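Each chain gets a letter, A, B, C and D, in the order it is written, and its residues are counted from 1.
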C-alpha cells in the first residue's frame, strides 16, 4: 500500500536566480504485519497521509539534488525509521520545466514546460537487502522517415503484410535501467549521456542515418550503445510502442502517392519489449 | 513483442435479434530465437500485422462465446501453429455495451455504453506449460457515505491525520483472479457472481451496511467473500485506489459543516494492493 | 474570468438513508470594470477563490435540489450581491452515482458510478436580462447494428465511399436545450423524459427499429421527438460524433465476412451538429 | 457537419534531407439545403469521407507550405467546387516534430516530438464573404516563481484568500488571433514573432522579470505587446488557465517552509479570458 502522485514543487533560490524541481512521487510499503487485513487492527499501519508528510518534509530538509538521490533518501528514511516496514519502493517523475531564454539570455525565474521525454527513477529496498536504483525515460517520441524496413519475416496463410525496405519508423520509447554500485554516480550527467545514446542509436549518423531492419534490432542497438558507453548501467529494459504510417492509396483519386501523404495507424499498435544485461 | 489494442466488434445475429461483443485484444509473444535482435534476421518473426489478422480470423470463425474462451482460443492457436513461440499471452477487454430497453422491452438491435466496471481476462501459456486463465474487473468506482473509519494507526512526529470513525469511503477497484482447473467453468456466470460478491462485501447489508476499519480490511473482506463463495477461484489480486473526501472547514465562513459538503482529493491518492490465495 | 471544475459532494441524510449529489461547477463572471486589465487595479475583482467559497456556501445552505435550481441560485446570488457583475454564467455537471441494489433492495448508503451519459446544465444572465436555463446530456454512447444506411449522396471525382443500406450507426451524443419560462418546471422529471425521447428516436420500436438514412435525419428525429413531447423545451442543439465501423475485408484470408467482424475507425470521425427551435 | 481529426503526415524530400509536417485537420461545412435533415434526401450532402479525401488530395498536390496557407487552400476548394456549401471552416493543428541534432549537427531524416505549445490555425468563409484567417498557440505551459501577486481585491464575508505580493504564477496559455488583410503575410515568421512576444510579456526582462499584479494584467500585457509589435494582427483572444501553488503549512511538522515546498492545486482552477482588438 502507499501514496501515489504526491505532486509538489521544490523551489531553490540563489540570490535572484531560482531553480525549480517539480515532481510526482509514489511511495509504497509492505509491512511485516497482516493484522490490518485480517482483524482491522491498524496499530502498525503508517497512514498514507503520513507517507505524504514524510516525502514533503524530506524535500524541505534535503532539497532534490537529483531525482535518484531524493528517492534514495525516502527509502532510507522509511527503512531506518519504521521497523515494521519489510519493503519500500519509491518512484519519482519530473515535470519537464526548462528555464526560459530571451535572445539567448537565461531568465532568472521563468520557465516553460517542454515534455520531450519524461525523466523518472525508482528505488526499492527489502529489509536487510541492498538499495536498488533504477532510472529511466518515458514518453520519448521519435521518428525517422527513411532507413527503416521489415523484410524476410515468417509467412503463412495469415500473412498479408508486404515486405518493405523504406518505411517510416515512429514510436514512443520507454527505457529503464538499473545502476550497479551507486556510490559516486553523477546521476544527472549519466542520465543525459544515456539519453544521447538513445537518440544516436535510434537516428544513426546525422548525414545519412543507419538502416533499421526491425524494431527489435533498433531496440537492441539502443541497449548495446548504452551498455558500451555507460559502465554504471547493469540491466536495461526497453519498450518501443510503434505507430505504423500507412501510405495512402490514391489510385482511385487518379494520383500517384510516392510516400508523400501517410496516415498514422494509432490502434492497433505494435510493441517490442526487451531486457538486456551484462554477462 | 506483440500487438496492442486490436479493437473490433463481433456481431452475431439470430433472426432479427442482434448480439454484439466489442473488444480490445493485446497479444504478446516470446520467441525461442534471438537473431532478430542481434543480427536483424527476421526469419522467425511473426509480424504483429499477422498477429492482428489471426485474432480477427479467430473471431470470425469461432465468435466470442466468452472473453475467456476467446483468449484461450488465441493462445492455443499460437502455441500449436508456431513452433518458434516460447510463450504467449492474450489480454481481452470488453466495451460495455448493454441492450437498450424501452418500457422494459429489450430492443432487437440497439445498445448503450454503460461503463460501470470493465470486464477483462488474460490467458498465458509457456511451451509445455499449462494454460493459466485470469479474469477480472477494473475501473469499478464505488462509494459508501458512512460505516467507514480509520483509527488506532501508528503515530509519530510526522503524523497529522486525525482519527475518524465516520468518513466517506470512495475508490476505484481493480480485481483479477485466476481460475484453477478451467474445464466446465461457466465464465460469464462466474464473473457475474464474483462482481456481486465484490459489491456485497464492499457495501454490507442494504439496510445498515458494515463498518470498515480500513481500506485493507475492506480489500480483505472482498477477497474472503470471493474465495468462500466461488470455489473455482484460486488467487485474487485486488487494488483499491481511494479518493479521500475532505470535509470543508466553513468556520471562517460562519457555518457549521456537518459532513454535508465534502471536496474530493484526487491527488495524491492512497492505494492498497493485496493478493490472497487458498492454502 | 472565473473558476472551473469546483468539485464537491453534497451529502443529504434522512435517518439512515443517504442521498449524494457530486458535481463539478464552473462559474464565470464579466465585470463592468476594466481597470484590472489596464491598470492592475483589482478593487472590483472578486477572487476566483471567493467564487469557489460562494458555490460551496450555497451548496451547504440550499443543498442541490436539482442541478438547474442550484445553478439558478448561484447566478442569482452573484447578480444580486455584486453590482460590478455585468454577466454571470454557471455550468454544473453531475458525477453519475447510482444507488447500489442487492437482490433488488436499495442500499441505504452505498453507490456505484455509472457513466452512461452525463447530465449537465448551464444558466446565464446579463444584468437587467432574463435568466436563461439550459440543460443537457453529453457522452451518451449509442449503437444500432442495422436499420442505418447512407445512399444517394453527392458524388464527384473525390468520392470513394460506396453506398450502403445496412451499416452500423454508432456515435456519441451531445444534446443541450433551453427552457422557456422556467417557473414550475420539474427539472428532474423533464430531463428524464427528454433522455427517453433521445433513446426512442435513436433506436425506434424495440421489435424492429426504424431506418436511418443519415446521421442528419437521426439528429432531426431526436430533436423533433423532444419538441413534440416536451413543451417546455424551446431550442435544442445536438451534436452526434459518429464512429464508423469498417467491415474487415477477409478475402485475402480466404474467408467471407458477412458483416460479422468490424473494426471501429475512431479517427477521423464524422460530426453532425444541428440546432432546432420552435417557430 | 464535417470531419474531425483527419491526421496525416506530409513528407517532403530534398535529396537526402527530409521535411515533415504532421497535422490534424477538422473541416466543417454548412449547406444551403435542409432536405437531408427533414426528408432524408442526401442528394446535396458531401460525405465526410469525401471531405477527408479532398484534404488528403490537397496535401498531396500543394504540400503544406504553412498551416494557414493549407487551411486557406481547403476552404477555397470547397467554396469554389460545391455551390451547395454556404459556409466552410477548417482547423489545422500541428504535431510538434523537431529535427534531431547530434552535437549541433541537424539530422537529415530524424525527428523528436517536443510539445511546448501547439500551433494551430482556423480559416472560415461564408459564401460571398471574405476569408477570415485565425492563427494561434495552445497548451503553452509557463511558470514564474516570483514577481507575481494579487492584492487590493474586492472583499466581503465570503473572502478567505489572503493578499499576497510574492506568489508563483503558473498557467496554460491559449492565444488565438485574426489577421486582417492576408496578402503577403509570412505566416511562419509572424507566428514565431508572436510566440516570442508572449514569452517576453509573460516573463519580463531576463535579469529581473516584471511584476504581475493579476492574471488579468498579464493577459493584457501579452495582448498589448502583440498588437504593438505585430501590425498584421487585428484581434486577440487569450485564455489563461492558472494552477495555484499552495505553500505547504509545515508548522505542525515543526518546520518553517519559506515558500520552498509548494503543492499545485489543479482543481478547481482559475481561468481568465479576454479578447482585445485595435480601435
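In the analysis below, a contact is a pair of C-beta atoms (placed from the backbone, for glycine too) under 8 Å apart; a residue touches a chain by one contact, two chains touch by 3 or more.
Computed from a prediction, not measured in an experiment: that's the story for all the values here.
A.B. asks: Among the chains, which has its CA centre at the largest distance from chain C's?
C.D. replies: A
A.B. asks: Quick check: how many Å separate the C-alpha centres of chain A and chain D?
C.D. replies: Chain centroid spacing, chain A to chain D, equals 28 Å.
A.B. asks: For chain A and chain C, let me know how many angstrom lie between their CA-based centres, rounded off.
C.D. replies: One centre to the other, that is 38 Å.
A.B. asks: Need the CA-centroid distance for the pair chain C / chain D, whole Å please.
C.D. replies: 26
A.B. asks: On chain A, where are the residues touching two or more other chains?
C.D. replies: Chain A, residues with two or more chain partners: 7, 53, 57, 158, 160, 253, 266-267.
A.B. asks: Which word fits how the chains touch one another: line, ring, star, complete or other?
C.D. replies: Drawn as a graph, the chains make a fully connected set, so complete.
A.B. asks: For a test of understanding, state which residues of chain D touch chain C in their complex under the given definition.
C.D. replies: 1-7, 28, 36-50, 52-54, 57, 81-82, 84, 150-154, 156, 158-161, 213-217, 219-220, 241, 267-274
A.B. asks: Applying the document's contact rule, which stretches of chain A touch chain C when the two form their complex?
C.D. replies: Checking each residue of chain A against chain C gives 157-158, 160, 252-254, 266-267.
A.B. asks: With touch defined as at the start, can you tell me which chain A residues reach chain D in the complex?
C.D. replies: 7-12, 16, 18, 20, 22, 53, 56-57, 59-61, 97-98, 100-102, 105-116, 140-147, 168, 199-200, 202-209, 245, 248, 250, 253, 255, 257, 259-264, 266
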